[in-house]
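Below is one structure. I have some questions about it.
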């Protein structure tokens, strides 16, 4: 509506459209969650309520943005994945990232009291998140990204489980525990857990060991004849889908339920049974 | 801590550092606030509680980020300004924008019930915001940016005040009011307001006419001998300030009170009396 | 060597590294070649010497930069293609583009007198080129890029061949010829050529109809069992190749001869017989 | 003219417009000039013909691009400066840089035989240049950029003059000379030059000590009352100049002679006497 001699300042805005036909991953991270988790007394090494709250907020993000095809969360971080065919907000980096960060924050704050009824939020300890978008040129690399986060989850969780057993059950100081763990490999930590504390790491909860995967639920499919993952080609979207096609696909996606899962995403099986994730085509709604 | 064959995916992250020695403006906007304001029955043309809530959330952002030197809000948008000397997050675009968007959202949601006690938030109508950063090479252009937003505020508010008077007091349909206002200039709208509804636009609240300016309060200074605004030079930060210098300045800024003002930021007076805003140097704390 | 209080200005340089694991196409274009071709009296519609000079300069670029795996030229433009695994100049956009533009220009000027002995260069009519880099996320899209240029070559050449026959042989004015060709399709132009001028477009030189493809020559391979081009996956370079590996591959590439070809690059055959182009792996040097 | 199903590949081109109202510096550098200067036997420490050739090529670039307001050259590098008001090629980074790199290369190759008649160019030793654009937000920083290059010139030239005196006149090995110079300051080198070789560094040619400045010549002006350089404000171009205005200014610039100068650009005097350089407004053509 406005029109003034000052409008030239708009010319300083710079475009930030992400390369077409690439996977877009928006990863958000809790800001200062170390301090925050102390303040609200999160249990160590994992606070189930905090993880459930993260997952609940992420499910809402998935619901609001049907263009998202998968998400993966661990600790105070969550990665949201848009398909190469995604045209949401014309693929503008800033718009995609801030929308996800803000929507996630809104639901996280809104739902807090449901998960921490006895620990009301109190400024200045108000949770917030930062985020960034990264693009990946094909589905092989997208899967490697997912694997990277899940390996990270495993390594951190094994470390934290051992560390906090040594401190909380073993009565060691933080520094002593840290010192002893320096240079140890997985097998060492498994042994410490088992020998000293009778903990079989394999029996830990899947949500702690594997993190959380969110995706839309369609009928699982039989994995096809052995097809190496490197054969998967990111589908080429040669021309922009029409707006009506996009809207139709969005509707089909909204119909699917968003499931919360704690499974291996490194091996092929997960992806072969759920081909709709990499293909970007909605699957068959289960009866 | 982690280390795996998947870590190469980190190499796909691209740097987004903003040009040194430029003003950074992060503007955030409410997402879908038209629908939202209907749902929560915001009063027309301005809802004072909604504006106060925006301002309250923005004050918290200013408090958490002492690097911010001024902010300007109107309707469901807010612009936050970092000084050219700002080194926060190494001036990374994504980090600055998402931190502001998330912090603002968190406080907005958290404080909602204080401003709208009788209208509790209810998903899916959860407020959220998107945002973007724009850089401006000198203080003359930064001031033009601020002027642009304030002129926009004026034009929109005069239009909305007239429109809603015609609809709510004059009993016109939205379409008829819109039709009649098409092509009118300011004088026409002022006349409609005065002649038909006895409203003197000048007597409207400053918060509606001027929007809201937030800044840190130091002792006002006497404007110096006539100095045209084009003479103001953006100070050159020739070398990065040391971390300790930056920390010291941050502390001084935290001490200052953040004030909520509704004044003209287009003319020189505002800036001349508050030279600390453009200089980036903390002023004298009032006794 | 130097060190002064002015060195801070270096901090204004911004990174421009191209996304890893993507095809890089550097396309250069003659600047003002319309005027230039008039000045040096290039023959119409195609000047064989001018094309041969373009190709000769491009061959030198291929020789100097073994990382290039294919190039395609038509008229006064040339596209140079780097493989997704390319690490040359750390994939810096500006460095890659300016190196190619400058090397090409140098050889073009240097070789001019060899191709146009009777038309010495004379400033201000000195040929120069601009250029840009574009990245493509997979080999399917890279091939579509190549096809786009070759289709463009065909359409332009058919038009120009017809237009100049009408003008030079048919004695029409430029405007009349242009007017008559407006709205015609390929079949129309073929008919004009054949009926009026006895020209069978199919018998035109391949260099005019197909443009020029440059690549390194290894032993041709038998196309494998029908494999649709969409199956081709851009190889994933999971970790940066070691410098010694890269150097070894460069040496192998330098050994191969750069050939000048005028063939169809749209169909699969070209690529299936020369798998080293898309794979990025040097082939077998012919005996 | 063309239109095909492959045209979607154009959507992968990304915009690279430089921030408005900032100084643009395009710096080009000789590629592999160390080797090249050996091959063509450039004299040490400075080869006058090589510098004159650099300057001659740069003058041609200045003439072809009237938007350039100043250039500075030293050794095998040249910096070309566009004014903040420059709209050439819509300020597209790639277009500006490649045009300068290619035009410079073309003239350098073309003029070679004029400056090195006895040393004809011979591939693969064909000179080429790479380049990059950097933007600076105000004239203070632009001047610091120029100062940076000139200080660099001084430091390198003093070192090289001393080093080559020790080697060529003093009969030292390169390694010994390098070793002895390690850790020396300017005074030490001046003393070595004077005491051992009777060379007064002050008497060296200005082109070696100061490098080369190119600018358009208008009537020199009297420096105004002491005005510190920090007071200079980059003029704000609030709205894009009309095309006709730009064309008019270009014509006026083309009329001015491009001069080759070897003077101090660090102190204020140079800039105060030639205000047209920083203002971007053509001055008065000398009678």
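Letters A, B, C and D mark the chains as written, and numbering starts fresh at 1 in each.
Quick note on the criterion: a residue touches a chain if its C-beta (ideal position, glycine included) is under 8 Å from a C-beta of that chain, and two chains touch if they have at least 3 such contacts.
Everything quoted here is computed from the prediction, not taken from an experiment.
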Chain whose average C-alpha position is farthest from chain D's own: A
B-C compared against B-D, more contacting pairs: B-D
Chain A and chain B: spacing of chain centres that average the CA atoms, whole Å: 31
Centre-to-centre distance between chain D and chain B (centres being mean Cα positions), rounded to whole Å: 42
Between chain B and chain C, centroid-to-centroid distance (C-alpha), Å: 50
Sites on chain C at which at least two other chains make contact: 8, 12, 14, 19, 21, 135, 141, 144, 238
Topology of the chain contact graph, where touching chains are joined (line, ring, star, complete, other): complete
Residue numbers on chain A that touch chain B, as the complex places them: 1-4, 6-10, 12-14, 28, 31, 60, 63-64, 93-95, 97-99, 101-103, 105-110, 121, 123-124, 126-136, 141, 144-145, 147-148, 151-152, 155-156, 159
Chain A partner contacts - residues on chain D that touch it in the complex: 5, 8, 11-12, 14-15, 17, 19-21, 238-240
Contacting residues of chain B [partner chain D, same complex]: 19-22, 84, 135, 137-138, 140-141, 144, 230-234, 236, 238
